[in-house]
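Across the two complexes that follow, chain A remains constant while its partner is chain B and subsequently chain C.
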Partner chain A sequence: MKNINKEATRETLKVDCNAESGTITLEGISYPQDSADFFEPISDWLSCYLNEIDSAIVLKVKVSYLNSSSTKFLFELIDKMEAYFIKGGEASVSWYYVEDDEDIKEAGLEFKEDLELPFEMLSLKSV
Partner chain B sequence: MHHLDLYQFRQEIREHSIILSFEGTMSQGVLTALIDALREKVIANTTDLPNSMQYTIRKICAILVELAQNIQTHSLEQAFQGNTSSGLGIIVVREGKTSFTLTSGNNMLKTNADKLAAYCSQLNDLDEVGLKVLYKEALRKERANHSNDGGIGLIDMKRKSAQGFAYDIQAIDDKVVFFSLSVNLDKTV
Partner chain C sequence: MNDIDKMMRRVFKKERAIVEKSKTVVERKGLTYEELQQEYIQLLNAYQSLLNESSKITKIGDINQKKLFDANSKIESQKEKLYTLSVTDYLTGSHNRRYILETLGLEFMKSERYSLSLSCILIDIDNFKRINDNYGHQVGDYALRKVSDTIQQTIREVDLFGRYGGEEFLIILPNTKVYDAAIVAEKVRKIVAELKLESGNMENESFMLTLSLGVADTQTRTPKTVEELLYNTDKALYQAKDNNKNQYVVYA
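Let's look at the complex of A and B:
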């Protein structure tokens, strides 16, 4: 399957979906006009990976701003991984936040509290 | 064209403490420019910039994005640029001594506006815990096919603002109304 590599723009995330390493990395800020258009290829990639490769998957989230619809799409990705984990698959999330960024920290914690899959909160020093 | 008294217009802008306003098609390019302008203006209006202010600026920008994208998606008046349709509306940001007020307005069908008003009123009645529960429900709710509208933008704004929404409906004709929505953000939040 084909990996996804997208550079960040002013309103969209840097995306790296790598089937060899079993990782999805999302980085930056996200408020596209059409969130569905942006996130659906990532969601399709994840489904394809879980079906065909059927191996460990790690989602690394290093965002500094998500609008509400991007948050919803990100949740759908994590929810897909959660279903895979509950069926016995290996899946985990690493959520990075700058130490004084309460909004992103809080968003991560709110996701984490409803999930069973390993969800790691990683604080970064502010620059 | 009618004569515009620019001095008078400027006086009104100053009297209302308007630091940013835009009327027209809320394209993504416009939104990005508005965020830049707002950030610059808030920083320029502030002599020293403690961390808490950075935090406030990010919150104002987040609310600006939600309001602008509501106009993009839900305004009854839409304009095409290439394949992308964006709604028309107005956004005004005012800065008082202790708080910012962001107000957006656009045309809507009366039936939709009534539903939106009821929803805003429902959100105003909820406390933090109730809002969090509703937010999580909205995150889990199935989206309509290929839709961006998670319905969570309003909950998100309400959670960021310590105060309730203020909204107003003005009839344009039998079916169409102008809906305006105000969100307040305390500077000390």
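Let's look at the complex of A and C:
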């Protein structure tokens, strides 16, 4: 399957979906003009990976701003991984936040709540 | 349907599917109580999970909005600080040349439009070089600050004041005739001439200084431009210098 590689823009995340390493990395600011256009390929890639490769998957999130529809799509990705994990698959989320960014830390904790899926919170030193 | 509505249909496809399924349940005839109960339980679970997700999205949305708001407030306060820096003279804390010239331009236009008299006082500290030579630049800077503060406290609240350059200051007096401006000029001259400044040297010597001031307005020989008004003020100031300093001269 084809990996996805997108550079960050002023409004959208840097995306790296890598089937060899089993990782999806999302990094930056997310308020795309059309969240569906932006996130559907990532969601489809994840479904395809879980069905075809059926191997360990890690979602790495390093965001500093998410608009509401991006948040909704992030829930969709996490829900797919949660379902895979419950069925016995290996899956986890790593949520990165800059150490003094309480808002993004809080947002991560909100995603983490009620999940069975392993979800680690990792603080980054502020530059 | 606009683009945002189309996008929203895709964002909420899961929810829309549940609504569609509910419709088919309602339309189906002949379901037993147990079958209906099964459908109801499934829909209830779906509703509960959507409600849960929806409250989290709202909360995360609020967090992000707050973040954006905080960032905006920070930018606004930095903008204010930058503006203040851009119009302030770093040494004296009074307005700088850029601000005072911009303000003079605006006041000049107003005075023309409403046929009001606008006056200007250009001030120069007499023999300032001697202060720097005798006591050093730090004392020179202190003298500039002291003179600037004193002028600021002496002029009327409606007057505008700033450092014009080096040891020169400019007072803008809106809606003021030249002879009323002369009264302000004399007041400033007198108060500054009475100041006792500390030299800070070993002998703790104190020194005094005087000002020369040029006064001009827009109704005397009606200058057509700000530059002309400033030129007239400058001419009056140099007349005061030629007349042995420590005085004001009105351009006439």
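The rule we apply is simple: the second predicted complex is superposed on the first by the 127 of 127 C-alpha atoms of A that agree within 3 Å, B and C clash if a C-alpha of one lies under 4 Å from a C-alpha of the other, contacts with A are read in each partner's own complex, and residues count from 1 in each chain.
Here is the rule we use: a contact is a pair of C-beta atoms (placed from the backbone, for glycine too) under 8 Å apart; a residue touches a chain by one contact, two chains touch by 3 or more.
Just so we're clear, the structure is a prediction, and the values are computed from it rather than from any experiment.
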So, after the overlay on chain A, do chain B and chain C clash or fit? They clash
Practice task
Could you tell me if A:Tyr84 is touching chain B, chain C, both of them or neither one (first, second, both, neither)?
Solution key: neither
- Task: Figure out whether A:Asp100 sits in contact with chain B (first) or chain C (second), or with both, or with neither.
- Result: first
Message = A:Tyr49 in the overlay: touching chain B, chain C, both, or neither? Say first, second, both or neither.
response = neither
Query: A:Phe75 contacts which: chain B (first), chain C (second), both, neither?
result: both
Regarding the shared-chain residue A:Asp114, is it in contact with chain B (first), chain C (second), both, or neither? both
Margin query: Between chain B and chain C, whom does A:Glu11 touch in the aligned arrangement: first, second, both, or neither?
Written below: first
Given the options 40-48, 94-102 or 166-174, the segment of chain B that clashes with chain C spans residues 40-48
Intersected contact list for chain A, partners chain B and chain C 34-36, 40, 65, 67-69, 71-72, 75, 103, 110, 114
Listed in rising order, chain B residues that touch chain A in their complex are 27-28, 31-32, 51, 55, 58-59, 61-62, 65-66, 69, 72, 84, 86, 132, 135-136, 138-140, 143, 146-150, 152-153, 155-156
Given the complex, residues on chain A that touch chain B span 10-11, 31-36, 40, 65, 67-69, 71-72, 75, 79, 100, 102-103, 110, 114
Chain A partner, complex, touching residues on chain C are 3, 7-8, 10-12, 14, 52-53, 56-57, 59-61, 63-64, 66-68, 70
Chain A contacts chain C in the complex at 34-37, 40, 65-69, 71-73, 75-76, 103-104, 106-107, 110-111, 113-114
